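Lettered A, B, C and D in written order, each chain numbered from 1.
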């Protein structure tokens, strides 16, 4: 029960040590995973020299391979993503493009490297765009082989055209806290089931 | 200056006389158009027997042809659309599918029946989904030949997972009022330019 | 191993007995489910008087409650969806809106009526729009509580702006056949796991 | 008639001198603009050190300001965008995020720096995703103030799950050539109208 591992990729545009609502949501999700016996690591993608591309290694100092190794070692992959113009951040899209390479990484029975892994998507913005961002991420992650437990997304956004951030709150907004708990609880359940019983080869 | 006409299609799921935030936003937009010399009519689509389909007339009592005649007579088409599950309403999609028929309705120089017409999209929901709804509508309307002035969308949504509606407000939220004014002002300007000087045949 | 049940909702705009590529894909998916011991029923939504709305029963002759009972009895829900203007059909959106009601249908431990059920999305069009349609459906289905196995979507579309349909082919296009097999195989695996071990109450 | 200027930002993931279908489509669009008296420049974004961010200048060697100056000098902005996982490329999203800064760049009458400029979106991929990519770009560009002529998008994609590229063709696919002509013709018309008669201040 205690040996599941999670990896969270924070897809903010801002390098550390800048404050980031995506980073805060990442810690909130990891807290829920921890309390269910899932250890985890949080990586802010822009702190690393990840290259644009769709291969597992773009060479020449590309730091994606190090992150990819962590993805491969994890049972649960969490993306936390800021909204810009109502859409997922470019850094998130860069990560999804790198994961596109897994389409070609199959075992001798035709199963992708990601089979059996479960994904969670967390989204923050000062206004509107969460459902679309979740939608884009779920589709891309599922395309490349991740499984999705019920209610795999959690998010916070403010009222239309306002400027408050998730990390401006003294306490986690109640509805978001509840969605985060649900996403984590369900993902852990599903990851345990799939860890015990992997997908068969599709024939 | 006074002879432009607008048509607003309200894409709520609820027939009259139910209250509807989409209907309220329609009246707000029409108010801005009126003050710029543009007369207009507001039609709640579900009050009419519009059929699923992608032709100009599905026959057998289909009431789309009456609405289509109003679209053809208008210089500005406004859609007001409620959000469900972060996405445009089914009634909105039904309307866009009927407008798909215009792809085949061209003049002897190959210009679609909609060329020279300008569209505005207004979106309401109690939470999240406005940008995606605007996005889906702008793309579909532009595909079938409508032009889009700068800032063609206006919207209101509340904070994540809340239940307040646009029509629960005593006064129009300030940011939305400003976006509505901008959308109307720009659309009227563009419609006048295109009314005076239609697109040439593409050769 | 043999007692899983599937329900497919065909979201074509055209009533029976019109030909429908969505209907053909539905039968292709059900064939794959059958061969894995999953019985199933296929329902063409527009053959029934389903009303616009977001409740479990809109009253006054609404036929959704009959379909909803089938959804509740199924372990696997399949949606097959035609593309119009690059987007999911209005009938698909109407179905998703009706499923929105399940957000409020929870057991005494707070689990939605859909928890433990697995969804598959199949998409057809003569051109472009499959990924977006899958994306919109996966997000909405996951929001209302369905789980998604790896590679939950299958689709066929032709080259840009062409007019060939899925049901114009003498043989199923090879890539689509393979995607359909994979979607069915994975969904059955996941549905069996969740049937045996339901999600715990999120606490 | 001859003094309009265009700028095309090619949003491929691959730096020069790699072959790029997005680059080929950029040259096709520019050819159509040239033949209508519109001079233009084509910039491959990843050949420059553009930083992630949402300001006009991220400092520290950021090369966006040089590109931004070209955008500001252009009457028509063209984005050509490759599809990955059915979605716009990360480089495209990075460009849109940088353009987000224009929301705050207004003249003394409240009009954004982009008012009067017209956008075209060109999309290529070996399969599916064009409508969604056009949709995401049109919405974001319109949000930040660009106007959109009728049929502002052109695209080519192949059949589902195939691997042929736009630049594998000996001749431009006929439907795409026609859509490119239409997008260019309409954009030039609209840009001339707006150059002659700018939007009024919204009051």
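The criterion applied here is as follows: a residue touches a chain if its C-beta (ideal position, glycine included) is under 8 Å from a C-beta of that chain, and two chains touch if they have at least 3 such contacts.
The chain lineup, named per UniProt: A, B, C, D = NADPH-dependent FMN reductase-like domain-containing protein.
Everything numeric here is computed off the predicted structure, so don't read it as measured data.
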Checklist line | Set of chains adjacent to subunit C and to subunit D | finding: A, B
Notebook entry, point to check: Relative to subunit A, which chain has the most distant C-alpha mean position?
Noted result: B
Checklist line | Whole-Å gap separating subunit B and subunit C, where each centre is the average of the chain's CA atoms | finding: 29
Next item on the list: For subunit A and subunit B, let me know how many angstrom lie between their CA-based centres, rounded off.
Entry: 36
Note to self: From the mean C-alpha coordinate of subunit B to that of subunit D, what's the distance rounded to whole Å?
What the structure shows: 25
Check: What positions in subunit A touch 2 or more of the other chains?
Finding: 85-87, 131, 134-136, 139, 143
Checklist line | Of all residues in subunit D, those that touch subunit A in their complex | finding: 13-14, 46, 52-54, 84-91, 93-94, 96-97, 100, 136, 139-140, 143-144
Next item on the list: Write out the stretch or stretches of subunit B touching subunit A in their complex.
Entry: 85-87, 127-132, 134-135, 155-162, 173, 175-176, 179
Notebook entry, point to check: Which residues of subunit A touch subunit C in their complex?
Noted result: 112, 114-115, 131, 134-136, 138-139, 142-143, 145-153, 181-182, 185-186, 189-190, 193-194, 197, 199-200, 202-203
